[in-house]
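Next, two complexes with chain A in common: one pairs it with chain B, the other with chain C.
On to the complex of A and B.
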């Protein structure tokens, strides 16, 4: 039972002052094992805040991030590899502004195959999406602060929490709609017969 | 109001203890002038420890205990003794072997246990003299005394099966993590769903009852899970620190690991079933001897089910002492403070001079030493084998463990009275917080005597 928080596109302080208070009250330290951040935080204070929630933090660089040391993309594996039964989940992170057209499924699938991951977490579009295709799953947690994006002002704050348990993942989507936190969930299983990477 | 003199029996040289172990052996070869008072209580006859075997074998000294009461680190004290026990038939009076007295007691206990319906009064009487270490006797006797096994032998197997499956169910229900619980709750076909669509937007489904990992709701299983995590961590820390000198409990062997896991599971299940008292530091110390004894039962089947048996016996044992662990009850009439003041009162009745010296002159507040004695049932004051022997008496006494415990604590104080009377605050406190190892049978004999002496 590993809890992974996927969050990003906060654009603090340029486009938003802070996380919505309802989100902040839910995000307490001690519950989450990993944090995946798609990028565009943008400042160090936000980085530090995430560090207090969970020491294991993975960030990729968005185009407005002030810290240039973040990598362009990153992969991490969750779960222990036991022969035969439980496998590992490979997660890939990429901000998404590099992938053109922005938010296009096929191009993102290409990135996913390139990184060879089961779940690709990207951002940039500020819209929550969860796709499934043959190669795996693409998740976009949206913008946690509801900051405006390059093509729309109408953004609902959202983030994603994944509960990874063996080969099953339950994705909890937290959205702030009309001032109320709405939680949905998505269930999926990794197909056990994944071809080994060469 | 009686005269304030110290009673005669207290005045004897019997009560003075010396720090070194070897001296005691010497002293016990003194002429047995002071044992006249033992004639009164028939029960205490075999516990008359100090006499040299001048008297008939029934009251023979018990060399076995001088072996075990030495203070060096114990690896597996019971194993050593059970090895001795098995050889005892050959060597009758070997110094490290078992005296004929023990053999007779063992035989008596075995006879009692093999009866169809166990006579509890008889059992208590024999058990209060001490239970021999071999042949799984202690394990069975403790289970009987704690009410886990019914007196009727024929019902044993059905009772045991029932209780063990109950424990198994507790474990299954309470030790699941929330992911598994949520999965169980919605057995509806989610699996088929995912196979049908190979690509496209993933379907979103409603969250049932607002159950999500970040939920802050009181009734949310996730929230409860995270709250429990703190307690589980605490239990984990304490279990790892239980008896670090014993290989049974700590060390790198897989045996130690599985024992620790068992202890942890028992304490977690207890904490979850008792939200009022949860887990308090020290419960692990009370559980440890129970688990040890049951696990080392030579009977395979009993040893395998030691975890379940220990759980129920732990609950039973703790039921008499629960209030000591509850912080809110500290100052009430049932809390730890009141028990400590009862001990103090007890001491005052039996040995006013010592009481006055301790509490008034040197101002040694009984809370400083008695707290640990009482809450942990003396497991931390003596080495493991000795504390098992003390527990034999605690559990078998018809007056109940608490009363017996108070008497034993009082006896502990009286035994070192000479040193206490001569000491000041610092030395007294040091002495009482690191109680010197002494002859346990002797201690229990004194405790027993305190029972018959009404307040002066």
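On to the complex of A and C.
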């Protein structure tokens, strides 16, 4: 059981002062194995905060990030090869402002194929999304602070926690609606894919 | 001084030996009921206490030995069947002892029994004893003697309800006795200060401190006397104790005794005698640490107040606050040499008291701050860092208590105190204020409060005279400015009118921040204004007459001015992003010319200010992405902007970047909305142009490095072909797609010396996708039906589907 936190688009301090207190009290160090951050933190303080939650931190660059050294996209592999079955999940991260049209499912699917990953985590629209298509799953954890977005007038703070176990991933989405944290859950299972070209 | 200590040890040992020696014989006498012998040896034994060679601590050891022996003697004396002498006669008899000190010790011992026998009124015996002890004027010897007297008389005082109370004896007598003993002991104690040569002053003070509890014990006894009620305390006890305290003019004694009074007597008494107690303070020696005394008093009273709610009216009735406030004022006035830190510490204590006892009385809080301002104004320049710390404590206390910055903002003297801080401390305090707001999630919602707040934190917002911004550590500076940026989001009001006022005030203050600060604060301000715009849009239906003074146009003008200030930094990349955000907002308000203007500004920045090639790539993608979402433009405007975008895309430095930007532009000609543009031809033109660029890139790479370039570009373009094919672009045929696939395969095979696994995998998954779509059947024009896929996968609990159009 591997817990992966997917979070991003905080836009601190430009659009939001801080993470909601209810989220902060839920995110405690030591429980999460990996953090995937879609970008737009935007300052070092937020980076350091995530580092305290989990040292294995993967961030991609958002267009407002202070640190321009974050990569444009990143992949990581979770799980191990087991004889007979492929018990691995490959995750890809990309902020999403580079993928036009913004938020377009099919264009994001292309990126997923390009990175050759099972799960693509992306942001930029500040809207939570989790959908499965032929090639895999695309997840957008939304904005953890509910920051202003030109995409929608109604942004609720949200983040995603993925529980990866063998070939199965359970996606928990935490949303702050009217002051209360609501949790929703989606199951995805990876089918054994055909062996890749090499 | 080793010699001295060694000698002392020797004398002590000698003294103890002497006591033991005589005690031995005394015991023998007691055993054989020989009074005469007992008296003789006890007197000899007590003579050891006549020494002047010992320090208080050593003397105490000696004294305790004698004390133990005297207990046994007392037992003997009590039992007159053993010695056959009446207590009255015994009292007479012991006075024949040769030296005064042994005589008095014996007298006290007998006196104890005398009182117990009730053959004489307690008060007379006590009076006699306390007077007689005057005979010993040596400080240490006298103190211990009187301490002995106090010890043995404790349980024999004519207190109310005690067996020694009678017609003649009253509580008053008990009180008189104790007070007299106390007074004499204090005099002796003070006299110690002036004995001996001046250079051993420190040693003397140390010795005196060792003896302080002997004196203080008397006050303790007084507090234990049942009959000392509030009335008696007020009329007799306190005035006389204070008289002695003030008149002795000794700072050590004064400090100790004032503190003793406060600790030993009940808080209700203090409350009711506040004026008297405080009245003594200015009369104390200037070297007495009166601020600590007052602080401890206020601490006790605060604790008392919070112990129960019933007590509070008492505080109000005795006007505790004003009395304390006046007393502090008088003390500060009287002690002209008191350093600033002392005075401010006093105010901190008073403020703490106020916040605990009368938290609702903001006028009291303001008054304390005002008194502090007055004091600070008299100091030309406050440089003492401890004093600064105290001022920070003073200012932090209301923040912590009220947890709501708005309350602190109503205190008129608050900003005045801050003005007296030096620049560094002022900024520190400003950060404390901001942190308090963030921690408590406070929202400041009125323009005038925002104005006060920004006055308070002005040290952070702009360069103040004498401050050198370059000197400041970069990390610290960033932290400061980020805090200010975050603060801006805590200023909010539902009412658009008020919110606009707030934004204008923030703008006024931040615009003078200078080029170093603007990049931090401008973004926050812009997004604040964009949120206001949405608020306004939400209220569109309700606008009546007057409120038409605030229109989206006005806000866009404001936004333009704010973003323009970034040119002073200069910060073109940030400005470009903000202009694009504004363009989207204008799109949402349906104002075409404003949106166009913002795009113009963005393009100008791109052309003139953004030279870095990596920055250009990001910038052009942001422009394309924003433009793609615009639906407010008419054909002409849209064409102009699209043309510009495509042009710049093709002129990026690296071929790969050019290619990607150009195929991104293809989306400008196809918008998936109902009324969106769907120009299939121009889409294809874009894609073909991208292909040409990719080709050129291939050839360049072949020439330059002898191997193939980025094949993945072709695969990307292939994906775009498929994308538009599925959207129903008639210009893209399946044979064109097929042709492209073959072309890519050829390219990959010809470059077998340098296999590109990433591109291979990409191509493979693309082909799989095509296969999958074909299997579904009838791909033309259909969007892939997501629900259809679900049946392929097991264990699906729920699908978050409200975002998909099904």
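The criterion applied here is as follows: the second predicted complex is superposed on the first by the 191 of 198 C-alpha atoms of A that agree within 3 Å, B and C clash if a C-alpha of one lies under 4 Å from a C-alpha of the other, contacts with A are read in each partner's own complex, and residues count from 1 in each chain.
The working rule: a residue touches a chain if its C-beta (ideal position, glycine included) is under 8 Å from a C-beta of that chain, and two chains touch if they have at least 3 such contacts.
Since we're looking at a predicted model, the values are computed, not measured.
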> A:101 contacts which: chain B (first), chain C (second), both, neither?
Replying inline: second
>> Applying the document's definition of touch, where does A:150 land relative to chain B and chain C: first, second, both, or neither?
In response: second
>> For A:57 in the superposed arrangement: first (chain B), second (chain C), both or neither?
In response: neither
> Which of the two partners, first being chain B and second being chain C, lies in contact with A:78: first, second, both, or neither?
Replying inline: neither
> Which partner, once the models are overlaid, touches more of chain A's residues, chain C or chain B?
Replying inline: C
>> Applying the document's definition of touch, where does A:30 land relative to chain B and chain C: first, second, both, or neither?
In response: first
>> Between chain B and chain C, whom does A:172 touch in the aligned arrangement: first, second, both, or neither?
In response: first
> So which bits of chain A does chain B touch that chain C touches too?
Replying inline: 129-134, 168, 173, 184-189
>> For a test of understanding, state which residues of chain B touch chain A in their complex under the given definition.
In response: 177-180, 182-183, 190-191, 193-194, 197-207, 210, 212-216, 226, 229
> For chain A, which residues are in contact with chain C within the complex?
Replying inline: 12-18, 21, 43-45, 63-64, 97-98, 100-102, 104-107, 109-110, 113-114, 116, 127-135, 148, 150, 153, 168, 173, 184-189, 191, 194, 196-198
>> Which stretch or stretches of chain C touch chain A in the complex?
In response: 438, 441, 478-479, 482-483, 485-487, 489-490, 520, 523-524, 527, 530-531, 534, 577, 581, 584-585, 588, 618, 621-622, 624-625, 628-629, 664, 667, 672, 712, 715-716, 719-720, 723, 726, 757-758, 760-766, 768-769, 772-773, 784, 786, 789-790, 792-800, 803-804
> Which bits of chain A are touching chain B when the two form their complex?
Replying inline: 1, 3, 25-28, 30-31, 129-134, 137, 161, 163, 165, 168, 170-174, 183-189
